[in-house]
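Every chain is named by a letter (A, B, C and D) in the order it is written, and numbering of its residues begins at 1.
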Amino acid sequence: LIKDVEVLNCEYGKNTIKFLRLHREGKKHFVKEVEVCTHLRLTSAHEYLDGNNSLVIPTDTIKNIVLVLAKKNGIPTLEQFAIDICKHFMTTFCQVAYVKTYVQEVPWQRLHENGVPHIHSFICVPDGIRFCEAEQCRNGPLVVFAGIKDLKLMKTTQSGFEGFFKNEHTTLPERHDRILCGELFCKWSYGECKDFDFDCIWNKIRECIIEAFSGPPDCGEYSPSYQKTVNSIQMLVLSKVSQVIETVLNNTFYNVVDMKNLGLTNDKEVSKCSKHNLPRLFRNTQP
Amino acid sequence: LIKDVEVLNCEYGKNTIKFLRLHREGKKHFVKEVEVCTHLRLTSAHEYLDGNNSLVIPTDTIKNIVLVLAKKNGIPTLEQFAIDICKHFMTTFCQVAYVKTYVQEVPWQRLHENGVPHIHSFICVPDGIRFCEAEQCRNGPLVVFAGIKDLKLMKTTQSGFEGFFKNEHTTLPERHDRILCGELFCKWSYGECKDFDFDCIWNKIRECIIEAFSGPPDCGEYSPSYQKTVNSIQMLVLSKVSQVIETVLNNTFYNVVDMKNLGLTNDKEVSKCSKHNLPRLFRNTQP
Amino acid sequence: LIKDVEVLNCEYGKNTIKFLRLHREGKKHFVKEVEVCTHLRLTSAHEYLDGNNSLVIPTDTIKNIVLVLAKKNGIPTLEQFAIDICKHFMTTFCQVAYVKTYVQEVPWQRLHENGVPHIHSFICVPDGIRFCEAEQCRNGPLVVFAGIKDLKLMKTTQSGFEGFFKNEHTTLPERHDRILCGELFCKWSYGECKDFDFDCIWNKIRECIIEAFSGPPDCGEYSPSYQKTVNSIQMLVLSKVSQVIETVLNNTFYNVVDMKNLGLTNDKEVSKCSKHNLPRLFRNTQP
Amino acid sequence: LIKDVEVLNCEYGKNTIKFLRLHREGKKHFVKEVEVCTHLRLTSAHEYLDGNNSLVIPTDTIKNIVLVLAKKNGIPTLEQFAIDICKHFMTTFCQVAYVKTYVQEVPWQRLHENGVPHIHSFICVPDGIRFCEAEQCRNGPLVVFAGIKDLKLMKTTQSGFEGFFKNEHTTLPERHDRILCGELFCKWSYGECKDFDFDCIWNKIRECIIEAFSGPPDCGEYSPSYQKTVNSIQMLVLSKVSQVIETVLNNTFYNVVDMKNLGLTNDKEVSKCSKHNLPRLFRNTQP
């Protein structure tokens, strides 16, 4: 059998540690339901090579630690909780060479009845999922990322796609008035962890994304391509944080239904959607 | 081979005719994206028995008709659109013995920037999906149903489950303060179709459901079981329409994590969810 | 508030009780992993109407009973296990008016190495999922159903659709050589429970379905429509059992890609699929 | 607004170009149904920065090219088809700086009736999905990868987890006889593309994986951890190819149900599964 192999990377951990943290202030209740993934890389790989488990922290223990930290510290913000988890593993276990934590929030919102907030009732409103990540190598900085995903946006005009490259395989017509629709993913970096108001920044960035996508409420803003809209989103996000890691606008095409052979003129009133694409842009700033 | 078989029911149709209907009033745009299923039963079953397709309306034609109706009539309300479809098939095709249409809405909401509504931009907010059904047998009344599904609600107190039947297989403890959480499905009947304000009633029923689930905003209302909460929801819905067809509260259990062997007292602050159950109640009124 | 309501049907229960039952014969292991749903209807509805839980068998107890029966009796066949569950609830609880159990199998198959069966290793092969149902009303017979679902079949020729009804909304061309592809669901009844060899019949019916769908291996058999193929499947299944409850061939259309404007003649070599339809037939026999 | 930004990576493309390629030899039919993703990076990013689309190859054109190549060349192997696509884009478009193609197969298998292969009928058997990737930078080598995913394996004994690291957060008991079950993902590299018999190697590697997971058919082989089993799989795969990129055994835990308070001794006969973990190992060889 083969002897001389080089282990490049070994990582293990617990995915989807899902739980709800309830916080009470008198009779008023606050909830954070989260899904946490925590992965580790150990300083050696004896468990892979020799079946020696003596340094392995069981994934069951990883789960227990995450729950204990939630119980003790609460979840003031997703980001602070991810930082707490990384710090705990780095401080407690000298065999940990690298730790990474992903935290995603279940979008519970407080219910309101006739404008009055309910003290203990909530509704799930998934209009953009908040997540964050924190990671640290031993002797390296603790780096924090945050993001939004599954944010579905649509504009029904002020979008086109023209002047593209053409050859014998081109069948797409030029369009200057089409529907633009997509599912947005955006992830940014806070760099080395400092004292940010994570909740405030996240909410501002969500507003930026929506504003850059849709333009002024009375007229919108023309988008010449998905790519340019992704760029506009990123430029606006960059005014709030130092680095955008990745923006994906997973677009959903709407094709105007051809009704000529049904004897009708369809003035872009009836469209059918098809889900297809994935334009991306990774980028960072040089301020 | 077998000769004497009785055909009890044969039905066919087109599922998931998904499209977007854009309506413009000047520069202001309105969208309804829907998924439509239309099923038919023909007066004979020759296509099954003899392979004679002469009376079969192809599912492709069904799709075309749905799109043509959307183009011509628009989608004033989901219910009116479902009625239009049923009436078209009954009126046009004498070989149709039964028609049923299901319409479900993609929950697009108009975007707002600083409180100002955007003229052509929308966001998807799936906090309860609206649907409706209409069906008609030849020579019978056209009956209309509507409903809401995928409405996820949670209350973190004012819920228990006690005094239940016990025997040697019982391991569930009695609880007077637990989390109540579930995904709600509710479907009601408008009876034979008259002039209802379908949008207004649907919104009022959604409010009723939330109110019955959560109770007054300052104190809530104690729920002694899922069943009783389902009943409360139905009683309140029944004050708006004549018949509730089905209410399902697909509950999600939250179990308080036992932290004793981790040296901690968990005062119901950390819970883990598990999705399991399906209590139901079908009912109608005798006014 | 409304007082006079009639409760038409109330049912509750536990869905997705998922577990694995291991049976050992010496060193040889046998596994059955199943998902069980058990629903009950009680003789009264006090828990809904008055919040009186005294007759309610908690869903947690239902789960315990299913696990205990699996431990004590094993799972000789899915059907026998469903029968055991129904009998237990009817016999043990006088407040149960109706019980229904659904059992679905995770399709583990024994691994083979060079033709030798492995004594304790298995692979998951989901090429058609086996399920069954049993139900009983108090003082009524125990009725057993079985079925197959998620069985995906395709034939690349010997299928057409011609001679169908046409009008101004018809755009579908006639075709005498198309791909026929679908996901099959078929459910049949064993009537009142007697001593059937459930495993043997299920396997024979699976063969019948495949045979009726595909025809002789050297030439196939022409299908003039989905409906006729569904009928052929049912006629063959009816030669094994007394009643076919429902057959659904959830078809997947393959449309030949038009390559004319790309300068190519596509002799049905390249097709794109779209998932759409649901032709059905409910039927039973009159022997 | 911000001016000085550095574009680190921009990539776009078409996901899920799904189609079926039919090949006929006389009356015998052969099918390959595939899902293709093709992504490009252009030499400039004007479409992002300036909205200048003149070099952009529309995703619609990408789709057309993939279909045309399938029509002209067929799909002799997934890997050869991915190579063809990459070569086409590099050769045809001087503005393409990088191309990457992913191809995944729908697992159709020829039907057999009483051992006789059917000439044109197929069944979908998803017991491990085959995929491949090819990528090329301008002036760089064309590199080919292949892999298997969604391969679900289980062994009901000859697996344990003992001697792991323990502290105050450890609650997991040591076990020397547990169920080992997981969903396997394995991806390897063929290095720069040469004349491999891709089909033959893929099948051999699938066999290796199953053999390494389960051990000899008459006795199995003891696994002291998921990690060691992943390592065994990789060592055996490395005997066939020069580099294993990534192996993930996404494990499914089975916990023996505690039946003591139900008055029963559960000799590991009844277990409940929970899906959780993701141990990984990236590695390559030094021959």
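One rule holds for everything that comes next: contacts are C-beta pairs under 8 Å (C-beta built on N, C-alpha and C of every residue); 3 or more make two chains touch, one makes a residue touch a chain.
Computed from a prediction, not measured in an experiment: that's the story for all the values here.
Q: Name, by label, each chain that touches both members of the pair subunit C and subunit D.
A: Of all the chains present, those in contact with both subunit C and subunit D are A, B.
Q: Counting C-beta pairs in contact, which chain pair has more, A-C or A-B?
A: A-B
Q: Using mean CA coordinates as chain centres, what's the subunit B-subunit C distance in Å?
A: The answer is 24 Å.
Q: Centre to centre, by mean C-alpha position, how many angstrom separate subunit A and subunit C?
A: 38
Q: Could you give the separation in Å between the centres of subunit A and subunit B, each centre being the mean of its C-alpha atoms?
A: 30
Q: Which subunit C residues sit where two or more other chains touch them?
A: Each of 64, 68, 169, 171, 262 in subunit C touches at least two other chains.
Q: Provide the residue numbers of subunit B that touch subunit D in the complex, in ascending order.
A: 168-169, 171, 261-263
Q: Along subunit C, where are the residues that touch subunit D in the complex?
A: Per the stated touch rule, the residues are 18-23, 27, 29, 31, 33, 64, 67-68, 70-72, 108, 111-113, 116-127, 151-158, 179, 207, 210-211, 213-220, 254, 257, 259, 262, 264, 266, 268-273.
Q: Across the complex, what residues on subunit C touch subunit B?
A: Touch list, subunit C to subunit B: 1-2, 4-16, 37, 39, 45, 47-61, 64-65, 68, 92-93, 95, 161-165, 167, 169-172, 224-228, 230-231, 234-235, 238-239, 275-287.
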